[in-house]
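The same chain A turns up in both complexes below, where it pairs with chain B and then with chain C.
Right, the complex of A and B next:
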């Protein structure tokens, strides 16, 4: 008899060492997430995957599943808080979806549709974040960064290059590249590095392939993220 | 720009002094900056190459700590403490006065590179403010006369060692002593008692004492120690958290000044109990002026065989202590952020579980205790666990040191048995006509006068030691706003709710302060408060809304009288935004202003 916990009232089996999010996925239950990725250890920064366990909020990507837990996830309360976290991410950066190359392939945009975010509620910050177009094959548009650190982790742990890092702190925290000039061209990033292909939003873009597929026919244009995410493990 | 020949050789020398150990990155950057003044891009590259680590990692760390500078600062770099109690003592006016005397704008470097002036969070001098740090050294009891003196010393470019010592005087201001502050202990006395008991016997005394952590969370110390002792892994570590960053707290500063030896004895007692060989004192950068005397105290203990190998002749009792400096980051008081910082990284709190007792410094089982907690273990070793447990209250054994500042006749340190009512404390420190007390610092609780019968204890009003007093002349909105700005400044930026939420709260409070608030803003504030509390990654974020939540509940009129309308008011000033268009078109007539028509009609 395997161990179980209750996910929105339904029993979910798990093995020791699995997190709530992992076990729920295996059982076919989607929990929204942005910084979590199946190939990496939990990061826990975006907080979209918050769930309620015994009245307390926890990050389901990082919290080990325990026998008999009662987990609330797809509830008006938690989804309302997730929506507000998305609103925070939208006002913090500069997100102009209609002109963004990532529109339709962007997880932030897709989650906002999925969680029915109809407006941004909070006042925009309009930060100044110049783009870096120095690299021959890859463009960096920092306006869209959500600080999931997937590029940081992929470059460090998989590519072995440490091309990306975060500096400063608080609302001034931002992405930097591994070069004294601060220019991506002066790093050893290659277009087929994992780091160049893992951004869930539109910060790291390939040059010369923009709009190959028209907006309207892209991944999340045809299928909502809660279905896509369960298919390919993204 | 720094001279080209400086960085590489200098940096190699400093990195060599630190054994080329990348876990000492923060310490290396502090030392390098002492020589170069700031961390220019070339210096960062040189550090990375001398350590053979990625440059991006060095830049990430250099940008995290407020006292590390990626931009040039003045040869005299002054940071005024900006806590509310310092503001109440006139720090804002004094800073403006100093800036005008020196012809420098706040936050900007003077053109000749001589001076820069800015603000920083509380530097632990609340009982003798206003205060500032000049090149890391505290100046206390600032007045207009002292500001004139300082301006003159800077204009004449007198190096700091030539400044009058009186400017740097830091007083202990101890006004009430109890068990800890009245203890006069010969070095080694507590340790001898514990060694005589054996490791298990000593742990048993700790268990019987019911000592709980004095850093704020109140976790039972013996439980922490036993978990560390029993965790797999031979190399245990003891860390003393001397990153006393909570605004309004300064009792650890006094313990580090007067009772450093007892603190080191406490760390050694912890090492005896858990079997640790390695200890760290993480000293907040603001207390760097205490580094030299602390190192001397450690050397003395080594000479007396109270540190080092075979301590007091007990076989296998090897333990030593090194001191790491912080560099201006409140979040590093959170124990897992502190451990990251000790490892030479950005001070980002870790995911828990696992907890430090099993996975701490470099993944080793680690005990992290507050200064006051460790000092108190000496009392337990000397007089026994039961005697300690018999004082204070049933759930809060022993005494508590309070750092009292604000509107009272005698600010300073007061030691009370747990259970003391707020009103008793107010009476003792000479406070009258008081409308509120902030207990536990910015992350603590705001008590209104009808709650002054409540008691200082984990089960009623818990506190790490800050006790800020506000009389009826103070505006509690200003107090809450100061704390909100503090949290926005100190958020590490790791998680969405804290990074964005604290910044949004700061904007909302600014909007209210400018008289542009509406009822919807109060609703937004309450919504952001809830997200911070529920969804934050660590205690900084979840405590950040406390001052606003409490003052909205208990002092709501302070907010409501600032509201422009009871409906909605935009943060965006449309007329001001048109200024550029007016300049471009050379117009400034009434018709070029929004709102002029309505005013005409009303007029």
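Right, the complex of A and C next:
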């Protein structure tokens, strides 16, 4: 008989080496996340996947499942924390959904809807983050970066190009391009690289696409993210 | 004319009366009157006191984002901005012309916008003044009062607007701030279900629009001494017309007439607007004052919007509206009609035209099938001009090789009417207010004149929500003598 833990009171089977998030997914339980991706090791930066285990808040993407542990996830307390984290992410960057072309395909926006974030709570930082439009096919709008590093990891570990990096620390942390000029045009990024197609928000965008697909017919317009994520395995 | 009322002499010795904000218009404006010891109005100005700055923050954004971003200028006629921007950026992507399907769908969206905005303005905002009188009981002078006293009129107004909004939803995806038009074309067809649902109501909308024209005509006939005279002043007229002179609210060439109806300029391509128009700046308003360059700022200003369009075109290409246009022109007895209240009559003729155009477009197969996008040689610059509900709307963009907007110039309808509205305010102040003790009803005369132009001050500048109206009458020493509050 396989090992089990309790997820919101229901038994979930797991194998040694699986994290809480991985095992829960296999069992059909969705845990919100932004920086986690099934093809990459845990990153543990967005903290959206926090769950409560034995009275402690832990990142379920990084915490190995243990026999008999009791995990609380879809509870008012934990969802309230997730909502607060989202509210922090929204004020840390410049997220203007009404004119953002990623609207409807953006995981940050979709999670805000899913977790019923109905308004702002913290003061906006309004950071200065210029757009990089130097590349012929790809636009970088740094305003929307949530520092998940999926592009960094994809470019380094899959594309083998090492195009992106995070620089500085704390409140000054930001995404940069690994080129002496700092311009995307001076890298070898191609539009079909994984790094150019993995951004969960609206930072890395194919140029001249914009609103070709109507708002209202996009991924998360049609289905909430907790259903989409379980269906396509992301 | 009352140009001398723009700036009074010895301003510091005069009493100041402010109407702030002007109510039942879109956006935030303020009127100030300076009055001497004999209660004579010495200065009257319509100020636009807020600032928005879309032209600046559009710079540095990718061009494909612009039609969606700029429509946030306004919640009343976002479609106009959405389409003017898309038309301008068609030139950047080389979609000249866009596909037949895209043009017809955009037309449908635009005429839906005309219909809903004209219905909103007439029934919700202006009909209370006309049905009850300018000085009627304040609590009654609103759409709720109209619904109580004239339930059929109010109901038709609400449903006409709803129909227009449904046309917008079916073409743009949402009733407000949709995303149907994109540089190069459209991103959706009209669904057959939406087409059939709209078709079912289209004839009713034409009939109700006819009734609305009749209502305005009845009001004019009942009191020509008011309707033909109130706030009247002579000015030029400007609008787009189709190349053959027909009314066309979606696309065309610029035509300018003088105050007597003579054509000054005709067949001006939209891309050349800068060769004929210039904008003046005055220290007391955030809204610019456009004028026809060859006539200069003092003589070159003009009216835009329904009153200009109905008289600027040679004919309206839909039969019922054309009959009404002819009757309207006949009312002028050979002269151009300049009375501000005739805006309402002209506006309802346009609403009828819009209802007819929508009805016919719903039968056009291009709206439900066919190529939506076009492209061609990439350009660096584009101008898009459209006849928005309130008048000529100009969007002008330059785009760099990196796809980012480097320059944006917007001249919105209300800006074109700036001098005209100020002149109307002065005419009314001089005729009705000078020498009298000011009451809320008298001050409403000024608002009635402004309302006739259907100004959208949030488009022209900025709005920070609706505020109550407070009118204070202060003596030269600053002491408040009279105060009227409107919640």
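Just so we're on the same page, the second predicted complex is superposed on the first by the 234 of 234 C-alpha atoms of A that agree within 3 Å, B and C clash if a C-alpha of one lies under 4 Å from a C-alpha of the other, contacts with A are read in each partner's own complex, and residues count from 1 in each chain.
Convention: contacts are C-beta pairs under 8 Å (C-beta built on N, C-alpha and C of every residue); 3 or more make two chains touch, one makes a residue touch a chain.
If you're wondering where the values come from, they're calculated on a predicted model, not measured in any experiment.
Engineer: Once the two structures are overlaid on chain A, check if chain B and chain C clash or fit side by side.
Structural biologist: Fit: chain B and chain C sit side by side once superposed on chain A.
Engineer: In the superposed arrangement, does A:76 touch chain B (first), chain C (second), both or neither?
Structural biologist: Neither chain B nor chain C is touched by A:76.
Engineer: Quick check for you: in the superposed arrangement, does A:139 touch first (chain B), second (chain C), both or neither?
Structural biologist: A:139 contacts chain C only, not chain B.
Engineer: Between chain B (first) and chain C (second), which, if any, makes contact with A:211: first, second, both or neither?
Structural biologist: A:211 sits against chain C, while chain B stays out of touch.
Engineer: So, does A:28 touch the first partner chain B, the second partner chain C, both, or neither?
Structural biologist: neither
Engineer: Is A:98 touching the first partner chain B, the second partner chain C, both, or neither of them?
Structural biologist: In the superposition, A:98 touches chain C alone.
Engineer: What's the minimum Cα gap, in whole angstrom, linking chain B and chain C in the superposed view?
Structural biologist: 7
Engineer: Report, in rising order, the residues of chain A that make contact with chain B in one complex and with chain C in the other.
Structural biologist: Shared contact residues on chain A (touching chain B in one complex, chain C in the other): none at all.
Engineer: Can you tell me which positions in chain A touch chain C when the two form their complex?
Structural biologist: 98-101, 130-131, 133-134, 139, 207-216
Engineer: Spell out the residues on chain B that touch chain A in their complex, using ranges where they run on.
Structural biologist: Residues in contact with chain A: 41-42, 44-45, 54-57, 59-60, 62-64, 70, 329, 346, 351, 353, 488-497, 499-504, 507, 524, 527-528, 530-531, 534-537, 571-572.
Engineer: How about chain C: which of its residues touch chain A in the complex?
Structural biologist: Touching chain A: residues 60-62, 64-65, 67-69, 72, 93, 173-174, 177-180, 182-183, 187-188, 373, 400, 402-404 of chain C.
Engineer: Report the residues of chain A in contact with chain B in the complex, numbered from low to high.
Structural biologist: Touching chain B from chain A are residues 42, 44-48, 50, 57, 59, 62, 64, 81, 84-85, 88-89, 91-92, 121-123, 125, 146-147, 156, 162-173, 176-180, 182.
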